[in-house]
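Each of the two complexes below includes chain A, the first together with chain B, the second together with chain C.
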Partner chain A sequence: MNTVKAVFDYTFREHVRHKVWLSAALFGLILIAGGLVASALAQDERARMLLDLGLAANEAIAMISVVFLTVHLILQEVESRAIFLILTHPVRRWHYLLGRFLGTLAAVGLGLAAMGLFHWLILFALGWTGEGSYLLAWSCSLGKTAVMGALALLLSLALTSEAAAMAFSVFFWILGHFSSEMNYIAEKSGSSFMRAAILAFSRAAPDFAHLNYRDAAAAGLPGHRWMAAALLYVVGYCAACLALSVQIFEQKEF
Partner chain B sequence: MKALAFRKASKIYRSSHLGRVTEVVGLQNLELEIEKGEVFGLLGLNGSGKTTAIKLLMGLHLPTTGEVEVLGRRMPDVEVLARIGYAPEAAYLNRSLTGRETMSLYAALSGIPASRRAARVGAILEQVGLGRAVDMRLSAYSKGMLQRASLAQALIHEPELVILDEPVTGLDPLAIKEMRAVILWLKAKGTTVLFSSHDISEVEKVCDRIGILSGGRLAKTMTQAQWRGKPDALENAFAESVKRTDGVGEIKLK
Partner chain C sequence: MSRPLVAAALGAALAIGADVPLSRQAATFPPLSQLPSTPFAVQDASLASAGLRAGAADIAWIQLLEYAGHGLPELPEAGGPVSPSLQKLTMRVVSLDPRFHRAYLYGASILGWEPGVNRPEQAAEVLQECLVRDPGEKLCPLYLAALTFQKKGDPERMLGVLESTLDDPRAPLMMRPLLANIYKKRGDYRKSLALWEIILDDEREQNDHPRAVKQITELKVLFKP
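This part shows the complex of A and B:
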């Protein structure tokens, strides 16, 4: 596991040096713009609007960052041939992929944490008190980020095209928010082939309903079982994507 | 004792475009053994198969037929890479890291224990003359400094076998002299050295034996006794053995 840690360390450092954290500045600008709009509202409404806007912006920025970084993660190292020197040392390919993925996730997670802290401080200043539920919402965003990172990594290795991997990742991200609608369409489909195809597609795409904290919260605060199921889904989906990525990566010659 | 062996190793590169498959011979039925402690030069024109042979040794490529053995292990074998040092023809290093961070990464990947890593990193950077640039990012290194950093990562774990791909290409005369000294120093320590080159004058100064590749085939092998004290012997043998196979025609002077 020393090699995973070594790859993790340099990946994290590389992203930090490439100023990934600047995405937090974009988040700040969105909140300032939101704050200006919200200043016309009453105190209660203002906090609610900034809460929703902040969480949505936090998640969107993290998703864009993680997709952008992971589709370049391996392909750029292949292009620059830096991968030659890594893989000519005693590094198992799955160690390399895992280290690269976790290093990227940590860098994006750090940005997510910075944005979350900044957001929470503003909400706190407005008198909002929902620390526990905020942490849960933030964790769900991190879970979605991990899922999208693993999927983007898989797509980049399978398609070997950064542009195509990015486009497909965004498509799957959108699809991931419509899993119940996909199932409904599959049920209503007259053709068994179409039904099977839609269901297969729906299963392969991430299902963000598992991380939809708001729907769960609407029926009261989600319990441990819901949280465990969400965590299990994230870990399982990421593991499946990484396992497929390793399969593809093991076949590659450089 | 053999350091490495190619046993009827062939590499055919296959690519397909719109269903049309193209095959290019990288290496054909290569039979070659190199003894431990030997300095072996692999000579050949561009596209003759030198880099393909090296990539097969490093496990970056898989042979289409035949097999490749390094230090008693059939390649690809991740474990044996801990005993090999490899420097490619250009310094394919991650430019966002400093010299120290780069060497720490390769020390960790090579399995040097954490307790010995810092000392070894300092020592190798001093040894290649980068002692005053340890905390500079590689993006600020000159080409010569990058070549030295690339050499340092190949030697950091004190390998038994060092493989250098075109180590003198593009270097200034002083750097070429230093590289020659490094190869002779490695030989004096009992390290096996395999390097590829176009430069006949360099090869004849340091090699115990050479192999001439042409069109992916081993056209000739020679021992030092066959060229030492015989002006132009190696150059003539080279000119007789090789023919252009990279699709490049002669320059017409008219």
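This part shows the complex of A and C:
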């Protein structure tokens, strides 16, 4: 596990120094501050709008950051041949992948935490006493970011093209929020083969509607079972994507 | 079977296992196909499919406020006196986010009691929708009761019910000026004056302060205690 920690440390430091990551975090802060102006239009619902805009901006910035960073993560080291140097050391390939993934997630999580804290302070200053839990909404965004990161890593290794991996990541992001519509299309489909195919494809894609707590916060706090199931879903999906990434990565010849 | 594939299968099994209770407890949103047909359909669908349903509802809310205030250029009847698309735009907000409590109350208040609009049937439809989709909202049944009293020709009880909701933080701010106008129209200048004075003291109702000053001056002439 020491090797995982070593890879984690250097990945985390590399990302935190990265200008793209810093710009994304800064842009997120500007978006949240911009929400202060836009929310004035919502009259009685100013706090609600500021909450929604801020959470959406946090999540969008985290998603863009994690996809951009993860897609480059391995492919760039393969292109620059830096990976040869790393793999000549006694580093197992799955340790390398796990360390890289966790380091990236920690860096993006740090940005998400900074944006979340800034956003929460603004809401607190405005006297927000809304329904639901801010921490849970933030945690669900982190969960989505983790799933998206693992999926983007798998896609980058499977497709070996940064552009294709990014395009497919965005596609899965949208599809992940489209699960109820996919079920609706499957229901309306006349052919049982089509219905099965749509449902299978829909199940294979991540179901982000499960983690979209910020859109359903007004319904109140979900129970502990829901939270445990959401955590298991994130861990299970990430583990499946990472294991498939390891399978592909171990078959690669450098 | 290699170890990574076994791990992938276990991870997938874990995710599928967790999917079942999550699907059972999922917050249900109306499908996008049930959104009322408006010129903003593409905007709504694209935001909702990016997972920004609450954000889409917020934008729809601002557009509803704009429409009620001075009309929207996207709607042909923009700026008309009777706001024919008001119910549709209200239903659009609550179809995007069924727990947008204030949208039901705001839309129903204008449809039911705004002078010149006078569409209590549409207001009742909005409130019925609230009872189904947002059963925790306590003001919707009260507003519906007030509409029923209005329909039965019992304005005293209607005003009594509406007045009992004024201090609730979830009641739309525009309810006070609406009630003040109804009282003035009925010749109850004392109650109207009292409401305009409350409006003038409330910082949240700054938009109505110039109107409140004008009404208070006018009512002080009419009302001689």
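Everything that follows uses one rule, which is that the second predicted complex is superposed on the first by the 218 of 254 C-alpha atoms of A that agree within 3 Å, B and C clash if a C-alpha of one lies under 4 Å from a C-alpha of the other, contacts with A are read in each partner's own complex, and residues count from 1 in each chain.
By definition in this document, a contact is a pair of C-beta atoms (placed from the backbone, for glycine too) under 8 Å apart; a residue touches a chain by one contact, two chains touch by 3 or more.
All figures in this text were calculated on a predicted structure; none of them were measured in a lab.
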Mind working out whether A:Asp9 is in touch with chain B, chain C, both or neither, as first, second, both or neither? first
For A:His18 in the superposed arrangement: first (chain B), second (chain C), both or neither? first
Which partner does A:Ile86 reach: the first (chain B), the second (chain C), both, or neither? first
Once chain A of both complexes is superposed, is A:Glu253 in touch with chain B (first), chain C (second), both, or neither? first
In the superposition, chain B vs chain C on chain A residues touched: C
Looking at A:Ser180, would you say it contacts chain B, chain C, both, or neither? Reply first, second, both or neither. second
With both complexes overlaid on chain A, does A:Arg100 touch chain B (first), chain C (second), both or neither? neither
Residues of chain A contacting chain B in one complex and chain C in the other: none
Can you name the residues of chain A that touch chain B in the complex? 2-3, 5-7, 9-10, 13-14, 17-18, 80-92, 253-254
Which of the residues in chain A end up touching chain C in this complex? 41-45, 48-49, 52-53, 56, 59, 94, 173-174, 176-178, 180-181, 184, 203, 207-210, 212, 214-219, 222-223, 225-226, 229-230, 232-233, 235-244, 246-247, 250
Chain A-facing residues of chain C, complex: 2, 4-5, 7-19, 21-23, 25-29, 31-33, 48-55, 58, 61-62, 65, 97, 99-102, 106, 172-173, 204, 207
Which positions of chain B touch chain A when the two form their complex? 55, 58-62, 78-82, 84, 86, 88, 90, 92-94, 96-97, 101, 105-106, 108-111, 114, 150, 153
